[in-house]
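Before we start, here is the structure in question, set down as structure tokens.
Chain naming follows the written order as A, B, C and D, and within any one chain the residues start at number 1.
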Amino acid sequence: MQSLSNWGRWGPDDQRGTLNLVTPEVTRQALGLATEGATVSCARRVTYEAAADSPLPPQHYMLGSGDGYRPGEGPDRQVARDYFGLVFHGHTITHIDSLAHFMWDGRLFNGVPAQRVSTAEGATSHSIDVAHPGIVTRGVLVDAPRLRGVELVERGDGVGLDDVERAEAQCGFRIQQGDVLLLRTGQLGHRDRTGPVDVANVGSAGPLPELLPLVHERGVAVLGSDTGNDVMPSGYERFSNPVHQIGIVGMGLWILDNAWLDDLAAACQARGRWHFLISILPLRLSNATGSPVNPVAIF
Amino acid sequence: MQSLSNWGRWGPDDQRGTLNLVTPEVTRQALGLATEGATVSCARRVTYEAAADSPLPPQHYMLGSGDGYRPGEGPDRQVARDYFGLVFHGHTITHIDSLAHFMWDGRLFNGVPAQRVSTAEGATSHSIDVAHPGIVTRGVLVDAPRLRGVELVERGDGVGLDDVERAEAQCGFRIQQGDVLLLRTGQLGHRDRTGPVDVANVGSAGPLPELLPLVHERGVAVLGSDTGNDVMPSGYERFSNPVHQIGIVGMGLWILDNAWLDDLAAACQARGRWHFLISILPLRLSNATGSPVNPVAIF
Amino acid sequence: MQSLSNWGRWGPDDQRGTLNLVTPEVTRQALGLATEGATVSCARRVTYEAAADSPLPPQHYMLGSGDGYRPGEGPDRQVARDYFGLVFHGHTITHIDSLAHFMWDGRLFNGVPAQRVSTAEGATSHSIDVAHPGIVTRGVLVDAPRLRGVELVERGDGVGLDDVERAEAQCGFRIQQGDVLLLRTGQLGHRDRTGPVDVANVGSAGPLPELLPLVHERGVAVLGSDTGNDVMPSGYERFSNPVHQIGIVGMGLWILDNAWLDDLAAACQARGRWHFLISILPLRLSNATGSPVNPVAIF
Amino acid sequence: MQSLSNWGRWGPDDQRGTLNLVTPEVTRQALGLATEGATVSCARRVTYEAAADSPLPPQHYMLGSGDGYRPGEGPDRQVARDYFGLVFHGHTITHIDSLAHFMWDGRLFNGVPAQRVSTAEGATSHSIDVAHPGIVTRGVLVDAPRLRGVELVERGDGVGLDDVERAEAQCGFRIQQGDVLLLRTGQLGHRDRTGPVDVANVGSAGPLPELLPLVHERGVAVLGSDTGNDVMPSGYERFSNPVHQIGIVGMGLWILDNAWLDDLAAACQARGRWHFLISILPLRLSNATGSPVNPVAIF
């Protein structure tokens, strides 16, 4: 919280934290990586089933549908509209956290009082809409199972410095300022193949807190993974979610949860290249602690 | 419906319509336009107030907030989460329509029965998630008020061939295959400055149906504007929304409604350049007739 | 559908069906049964957990809470408000169906076209608010497990004529015009003690269709049980839910699903009396196919 | 807060407050008032339009409808189901407040800490489901416009001791223990005839705080009116809603908001009788600050 702190680094009123590291020059450089024009989605498909890891499933109701059509009727009723509702935080929806998602000792990132995120009004500071210009930068993938020669990083296990070092040694990139650092455990794809889990009981894989100094030093803008982004149980007494708590509150780090990385991993492997242009474009929601997103990697 | 039809053009099972026109080569070429690394959002900020043009306002409820903090308490409760719900079709939310949004004579684009979009299950065909790889292509802006030397295209008036010809003559681009064609009327910004309107009574500006043959011939992938994308009243007896009805059902045309184009217009004018890279990344929602989006233009 | 039909019985425009049987005189007589002033709820407590039999769990979000209080602050923020949302049909919420809940061969009760219950507008006919004066009448309880000397009527098994005959022989009542006939299987209480079930797989107990002629002949106004009110699987080819389909569409019968009858059964047994005053007061919801309710028996 | 306090009166753990005054004997006596069997709803019909006094309008979406019917199809799809969602507090929905709805100086009624009503869990104390046995007691109507010979009690004006005295003198009842005291201003019916209002600007009629000592002394169980139950502006500096704040927090008084009293007033006048049996049966919602209701008066 202290040694990695970015409080004050971008001024007392800053709400964008590590997004400041994605300068136009960083964006410009990243655009140069897209030489094919091929795009790969890093979003899990949103479905509507309740499950142990989705106790508040997304809602989807129709306000109009093709059911209304009768032969011979006028065409004007033939419009389909839907209502969507979701709690995107959790373990199933691909989303990015704004810096309003976590507090520590009554403070948000940059020292703003926690009460600025209120029950009545939501995130009156640090809302997701500070990211409205989008995040267009370089992405790098640390595909931990491939690097380790295993199928999965197991629940309770974490992706750590070893994996990152191995990736940098073997994959032709060095993590640098403004990067979206994506860590693959294989767990989200596994969950879709084998069914829901009760995270509270079986735990979670994810990034290890030991990565945070490197994230800080190199200037990573967004940390993402195909998990909820914290190893569970955390093994720390005071920190239930150290990566979120130190990352978001201390460092102003943007975190991408439940990214769908299996298709991306295949695309990288096919090309022998694990860095690419990536676009993450959060919805421009007022007073919100994050947004569901469809991050797209571009080769 | 007949002369502009794309039914069968990309195979009998196609659900992507004009997105097929955004080939990797088109994407690759568009990426070359982004030379500065500057990004501009084309999304209106989502707010939560009910109004005449937002009778079903978005919902936003907190599941946790900074209100829960008490000095001396443990930190674990300090998480903020929110619930979002919205009907994005309408006149206030920036969104893209999937090809499931409109039917005609009991058929969706490509001849699929309208009943495939059902009340119980939603869009079991033509869902927005067919666009999951995202739309990364060239965007061009026809800034009609600037071209006409007026402040606004008035409600009931439309943006048409004259405006497009003027833009092509003066703005250094020619509409081509795979483009996102953006038409600015100034109405959405005006609405935000002067308050809600009752669209049913005051009508709407928007693209004129006379544009559709050009859209078809040139191979526009996405037609967008800062309106609901149909002049209202339409002036046609059979067609309440001709651009949506012929565009979506006949042509398989993707339509971007309620784009926020004032910031983009200023960015274009400042550069004397009205074409740019654009990313539209719809949420990967199952069985949905569209998605709220944050389209981002990149210079 | 034919022999039990009440179509036209109360006029061509009737939407109240068997509620017509609860005349003021019936209500007046029933009021005489309440001699103690003791009340017993027949509603299951609404909870918010997703489960196999509650795939669309009720939603509950706070718009304000006691969390907002800070010592020394002014008092005005100290208001708690909540948002509720629910799909009450299903297997967990105590609710009453309006006559708009089921159709048969394209018709609602009394021959009204099914399309009067539309996706866009809901139940423009046969809405629950036709019951706004409430249902205040006599209730009778057929406590099948007690009568059979077992703990439960098993899933797949039904409550039938035998049980009713036994009740009439032993319990001191004869079913008569305007009655709320309550059939207890013990299943809802069992479900709460042993956990959720997957109704599609394990089936359901409930009233047997063989009861419908008696229901018709005696003039029962409301048929209720501590199940979804149909034995599942039904054993019929054409009828998935014969009691609902013939009852609602043919007879205009009002059906109370998922009533909580364990407390009522205990209250009856303690008094040796299985008939009582009952009040069912549906919410006055426009265009709705039913309402969650809290039926209260009064001794 | 002090002189009218009921803290501790029904034990340290009591959450039912003035509902304790509705004893079985009170209920029994009230049942004797219902001599005709005629019932009258005191609920305003729930509609779904957004308006200035309904900025978060109820939601109503269909999960199935009659639109799905096709001639010749099997019947099983012919089920209509709906989703309802609502914020019932406010100025348009008939509802009853639980004692969790207001706090004062960090305390709920009976001294319970305000934090027991939390953003994450809702009303873990004082939830509406403590009222699950229902409220079946005597109701009395003070029809202020009739007593004053005017059409309406104007916004900003209140119903007070004068009105109650006049009612007791002219209407044949004396307010007594366990009563539901209903105060009619005529405003809710007027609002329905003339359209929505902006309560923040035009104020509200309602009960005057001067009634609270009488309410306390006589043992009123529920105070209801056809308003939000506080004159607005209140005229007090510390109390925005004195009737709610002193009533709920200090007295444990149950308050019925936005009751529909025009039909009841007509029924009373027709009979020359302003007291009657009344049933208020709140939904058995866990952790909730109230419930929408359909109170029914029975003559």
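The rule is short, and it goes like this: a residue touches a chain if its C-beta (ideal position, glycine included) is under 8 Å from a C-beta of that chain, and two chains touch if they have at least 3 such contacts.
This structure is a prediction, so every number in the text was calculated from the model and none was measured.
Colleague: Mind checking chain A against chain B and telling me if their interface is mostly the same residue numbers on each side, over half, or mostly different?
Modeller: Same: most residue numbers at the chain A-chain B interface appear in both copies.
Colleague: Using the stated contact rule, I'd like to know whether B-D or C-D comes out ahead in C-beta pair count.
Modeller: Result of the comparison of B-D and C-D: C-D.
Colleague: Rounded to the nearest whole Å, what is the centre-to-centre distance of chain B and chain D, using the mean of the C-alpha atoms as each centre?
Modeller: Centre separation, chain B to chain D: 45 Å.
Colleague: Approximately how many whole Å separate the CA-defined centres of chain C and chain D?
Modeller: 25
Colleague: Touching two or more other chains, which residues of chain B qualify?
Modeller: 56, 59, 62-63, 65, 67-68, 83, 115, 118-119
Colleague: Give the list of chain D residues in touch with chain B in this complex.
Modeller: Per the touch definition, chain D meets chain B at residues 49-51, 54-57, 59, 62-65, 67-68, 70, 77, 115, 118-120.
Colleague: Which part of chain A faces chain B closely enough to touch in the complex?
Modeller: 23-29, 31, 34-41, 43-48, 56, 59-60, 62-63, 65-67, 69, 71, 74-76, 78-89, 94, 100-106, 108, 113-119, 122-123, 129, 132-134, 136, 238-240, 245, 277, 279, 281-290, 292-296, 298
Colleague: Over in the complex, which chain A residues touch chain D? Could you list them?
Modeller: For this pair, the touching residues of chain A are 59, 61-63, 65, 67-68, 83, 119.
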